[in-house]
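Order of writing sets the labels: A, B and C. Residues in every chain begin at 1.
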Amino acid sequence: MIMVKRIIALLTDFGTEDGYVGAMKGKILSIAPETDIVDISHEIKPFNIRQAAFCLTNCYAHFPGKTIFIVVVDPGVGTARKGLMIQTANHFFIGPDNGVFSLIYEKEAFNSFEILVDILPWKVAATFHGRDVFSPLGALLATGKGINRFLSATKKHISFVKPIRQVEKKRFHIPVVHIDHFGNVILNFQRKDYSKMKTKKFGITVDDHKFGKIHNTFGEVSRGEFLLMWDSSDYLQIARNGGSAAKDLGISTDSEVGLIL
Amino acid sequence: MIMVKRIIALLTDFGTEDGYVGAMKGKILSIAPETDIVDISHEIKPFNIRQAAFCLTNCYAHFPGKTIFIVVVDPGVGTARKGLMIQTANHFFIGPDNGVFSLIYEKEAFNSFEILVDILPWKVAATFHGRDVFSPLGALLATGKGINRFLSATKKHISFVKPIRQVEKKRFHIPVVHIDHFGNVILNFQRKDYSKMKTKKFGITVDDHKFGKIHNTFGEVSRGEFLLMWDSSDYLQIARNGGSAAKDLGISTDSEVGLIL
Amino acid sequence: MIMVKRIIALLTDFGTEDGYVGAMKGKILSIAPETDIVDISHEIKPFNIRQAAFCLTNCYAHFPGKTIFIVVVDPGVGTARKGLMIQTANHFFIGPDNGVFSLIYEKEAFNSFEILVDILPWKVAATFHGRDVFSPLGALLATGKGINRFLSATKKHISFVKPIRQVEKKRFHIPVVHIDHFGNVILNFQRKDYSKMKTKKFGITVDDHKFGKIHNTFGEVSRGEFLLMWDSSDYLQIARNGGSAAKDLGISTDSEVGLIL
């Protein structure tokens, strides 16, 4: 029998200096001592759900099968927001129902389960579900013990991703899903959407700017120029060589850009 | 025979970018290759012993039995300050004698040992006991080898925690033990102290402010209001919903607040 | 047969919040599940090759034999810069050929190999060799599978270290190799160079300042005073007790200081 060590990957906005991440790690290792804990990040900006969702989408697919991702960016802890366990073909995701798994919903087929916090047979602090709900459930899952009794299938979950919408016959609006810390504007338009398009002639418009070509690297345009590129998760992004596209084009996460076919 | 992997948890103020934490990890793994190294934090503010002590107290109890905590916030390295190994019922703590274990002393029964640095049979850099004293001793302990020959029982150790003091029959002063990065004021008054009090009627006073009730969550008071809460380590704290209690009440770590029974 | 877990130590300037480090870790664990991943740092300042080189030199020698270091500070990714695998007596180093291994070249005997990126039998994103070239090769190496078919021996590699140069019979110029974040000025003069010197009488000169003595700790000089010390990697450094030597002496990484024998 080959024992494969289970991996629990952690993603939070806690920083490390208060010991909250330490408490999660201690709790996980107490329940599942053979687990391999992997830090993705604890430096997500406080309560920045979109940043956490993007961080997750940039890495989850590279992890081994059965990896358990515990994601705790949780401004609503202590309120009635639900806790979720999302199961995809290869992975498990545990965390609050606040949109932090939005991009998983876009990219994967999945089943979702609400965590029945009230029936957990241990003490749960209202303000620290990372330590008292998500970590112990993830650790139990890692040990191979069933956690189904603490779960209830659900079809509802929150997403911050807005769909592309048609405004005229050949005109669409594409919502922004994220602005990364370089100011790159990531659009809700994936490489797989592009593959399905019959015409490869298209234009992305932002005010007076129009982009018709998708570049491979920043180096293909001059310094200061704007460009379209696929980001490392295969979303289309508007970037600026040596600058912040978002700032210089006046784009926020609430913006939409034009798509003309 | 079941081999349980030993855990060494690291807590420092080194940051990571100079490679000092890397050197500690390398040294530990060279001596004890089967050890599981867990990062608690390396982002403690330089020389901030109270922050490190609080970070530790927020997490240590959740770690498995026999976990070895190596704590290196060490402004006095290179001076005559002692090194310590503290043994509690479940855990081991290794680091400098500068108060960084103050809250362990408050919460646990323990034995303490001075590290006999001068007799260590390897080279020790005067300015890097994290790498040359605490890490190798922690690693030797993790391998199950005795380190007693490098230790001497001691009863003296430094603590920054000042006791509650009685000023009148029913009036006490409670010292502040920490101000966290949200400005929450943590008092030297634990939930276990409160449990022992015969009367549950009491008042905490700060200048003209008087608090008589202990809340469960921030959400129980309006934005801008001050409140009393138990922190995640069961210390009583003064907080402000949406603000910094410490700043707005003019409280520092040298302050005391009133307790009226 | 004793199986020794292989260690892969990671050093990057990615920060963690974008998920790029997570992607590297996921990829490594997918290829080499038994690997022990150790974070050295992901907080190197963006593109700061010298800082990464110094971070590495401060820690690599303490790691167990056969540790694989993957170093990704890679401003030239997407250009024609080479990828390297450096093999020393005890360790392996994988990363871009941009000088990030300069100090390894100074301290160790080594063989160097160019990575033949074009023949890798998997998809490689032009902008993310950390995930698609260096991590999978490091992981393959960790599993014990040969990676020689992807390597070609090379003698050329980039170094930022400039040699000491003689300007008069008993006068030399020593280049600066690094300025650390405390402002300590690290010189290209190692303890082993000093050991080989016949006379121990020497002077280091910076404008009007002259240093003739090497101190052991900051505590040996008064606050505000400049001093010479060995750094923790045995390079000679100019420091200032309670200040920034680099700033206060006007020294940059392009500077040289005088050495008079």
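The rule we apply is simple: a contact is a pair of C-beta atoms (placed from the backbone, for glycine too) under 8 Å apart; a residue touches a chain by one contact, two chains touch by 3 or more.
Remember, predicted model here, so these are calculated numbers, not experimental data.
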Checklist entry - Is the way these chains touch best called a line, a ring, a star, complete, or other? => result complete
Checklist entry - Same or different: do the copies subunit B and subunit C touch each other through matching residue numbers, with over half of them shared? => result different
Item to check | Mean-CA-position distance for subunit C and subunit B (Å) | outcome: 34
Next on the checklist: Give the residues of subunit C touching no fewer than two other chains, as numbers and ranges.
Outcome noted: 39
Checklist outcome for this item: Listed in rising order, the residues of subunit B that touch subunit C in the complex are 15-27, 29-30, 33-34, 37, 39, 78-79, 125-128, 131
Checklist outcome for this item: In their shared complex, subunit A is touched by residues of subunit B numbered 4-5, 7, 9, 11, 36, 38-45, 51, 54-64, 67, 180-181, 216-219, 232
